[in-house]
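Notes follow once the structure below has been shown.
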């Protein structure tokens, strides 16, 4: 198979000028929680349904990201975002409240990065000035759609992951000194290794992440990163990805400088099995702690690879395997 | 795994206790000891029975029995064979045999009360109706 | 009586182990596993084995979902014995099944009084 | 990447389900639930006019009631994560499947939500229980009519 190994550069160096991260009550247990702007005490944010709560979470976080950047709603030229619920209604409904120009994005749990890549391209055209991007997920709304009712007593295997309640949004604008900027990006191809277990997403997504990392590194030879961080492979998936990197020998230095947001999200709490997942997982970690550390110049150059499993309950029941995707973005700080 | 061992030991132990003769209590309204002894023999001969009660009354005979725990699988069969045996012993009686725990309890209560003939008839009719229910 | 509780524990537990093996080794979903167990219960009753099994294990045999299959088949067979082929259709829910009606009733009641709380503590 | 060799990698690295431990947990959980059922049936036999045979119906109903409380207060899903099949196979698990779906879909209203989705998870049990009962009884009835076996 011939691989299209294009990596895109962004000479105008669009900067992430502000971010906001909000999470649900359980995410307090995360070691990252000092970097979250807001922790809601109620999973539903006081709303009637989980979906309304989900929508409210997105709306509040978007407003916070705009406010933190010192902007007003009319300053935003475009809102790019998505979530995992049917037809992305929570994001659509939040966009209704925000009343900005809006395009929904869906790359499952990789939406945080796919929206950032898209935003970077739009900014490169110089026709827009500020783009709001990000992703969110809400545990209850996602679980009930993809798996079972919340109160159903089913046993999750050790490969199972826990959908995060959280939203991470940022504002991307023209280059600004002292803010992290997007250097380059690789758009993922859909990879399917015929995994079928919906309770083992990490194994399904690892080859997609590997593929994208491989392609990105091939085009950026000589670049060294402080670390590469995948989205939500979890403990299982990240172990497999490390093995893939090791055996392929692409760039062995990566093995040590590799992190995964999902595996780190809940620390070493066994209750969460293989770790965190969901569109909100990568969005909150990338735009929360990682962004803060970039701002503090702890790191100079990192590669963020968000992964997404492109399945639906219907496709799983019809016996389809789980195709996956991973998008990569290189963030720099000068 | 220890649990399995322990439980199987208990099973063997309990099964080993079945050498004793069954507990039998029989009440005869007319106090005919000959008939009582005849019925007792039936139970004593059967090693699988752990507990039995019987009430004689106006050419009727109501019997309840409990079988040894490990023979419970064939409880129905044992009850049927006892029923046949009792019927051949008392051909002029209307015989009713049940192996239900509830019937055993109720029959024991009746025997303790040593009731009069009229009260007995009412109680026993209720008991038989109960035993015939399916659901 | 104590002995009956122990038998119920062991037999009920063993049926659940069968279910667990279907989960973990055969990798069946809960819905597949439970459907299979119900069919097994129904077939066992066809051979007349489930009723003695209940005599032996008590709640160990009536509480697991296999007893659903048994009571459905049992009702159908009782009617079929009385009324022939028509009974096969009409008797199905004759003996069944407080489990289904209780689940429906308490399901609606639960929907009235509870709402899903969401998270592990 | 070759799917077959990749599946081998997954098999090597992904944590296995602890089958033996799970079975033991299922045994204990299922055993306890059935013992509770046995004790409840004694209560029905001792204090009410139920026989061994007839006590199983109110017992099952009571177990489903208990399951409703445990489901509503969010306890059953914890039992489920611990006990696996031990809490799914007993009738309480059937109750949990129905009741959790009913609670979950309350947000879509009582007809389209609760009514439509109540048997989303537990439906197959009733469908295939009924269908297999039909097939089994039909075969048996035919065999009896042919004189091969008797009732």
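Per-chain numbering from 1; labels A, B, C and D assigned in written order.
Convention: a residue touches a chain if its C-beta (ideal position, glycine included) is under 8 Å from a C-beta of that chain, and two chains touch if they have at least 3 such contacts.
Chain by chain, the UniProt names read as follows: A = Stage V sporulation protein AD; B = YhcN/YlaJ family sporulation lipoprotein; C = Stage V sporulation protein AE; D = Stage V sporulation protein AC.
Keep in mind that this is a model prediction, so the values were computed, not measured.
In the assembly without chain A, touching between the remaining chains still links all of them into one piece.
Note on interfaces A-D and B-D: more C-beta pairs are in contact across A-D. Distance from per-chain Cα centroids to the pooled protein Cα centroid is smallest for D. Spacing of chain B relative to chain D, judged by their CA centroids, is 35 angstrom. Each chain gets a centre from the mean of its Cα atoms; for chain A and chain C, those two points are 44 Å apart.
With each centre defined as the average position of its C-alpha atoms, the distance from chain A to chain B rounds to 72 Å. Listed for chain C are residues 4, 6, 10, 23, 30, 116-117, 120, each touching two or more other chains.
For chain A, the set of residues that touch two or more other chains comprises 50, 149-151, 154-155. Within chain D, the positions touching two or more other chains are listed as 17, 22, 28, 52, 57, 71-72, 74, 77-78, 83-85, 88, 93, 97, 99-101, 103-105, 121.
Within the complex formed with chain B, the chain C residues making contact are 3-4, 6-7, 10, 51-53, 55-56, 78, 94-95. Residues 48-51, 144, 148-159, 191-195, 200, 202-203, 207, 210-211, 236, 239-240, 243-244, 274 of chain A touch chain D in their complex. Contact residues on chain B toward chain D in their complex (touch as defined above): 3, 100-103, 105, 130-131, 133-135. Here chain D touches chain B in the complex through residues 28, 45-46, 49-55, 57, going by the rule given at the top. By the touch criterion given at the top, residues 7, 10-11, 14, 69, 72-76, 99, 134-135 of chain B touch chain C in their complex.
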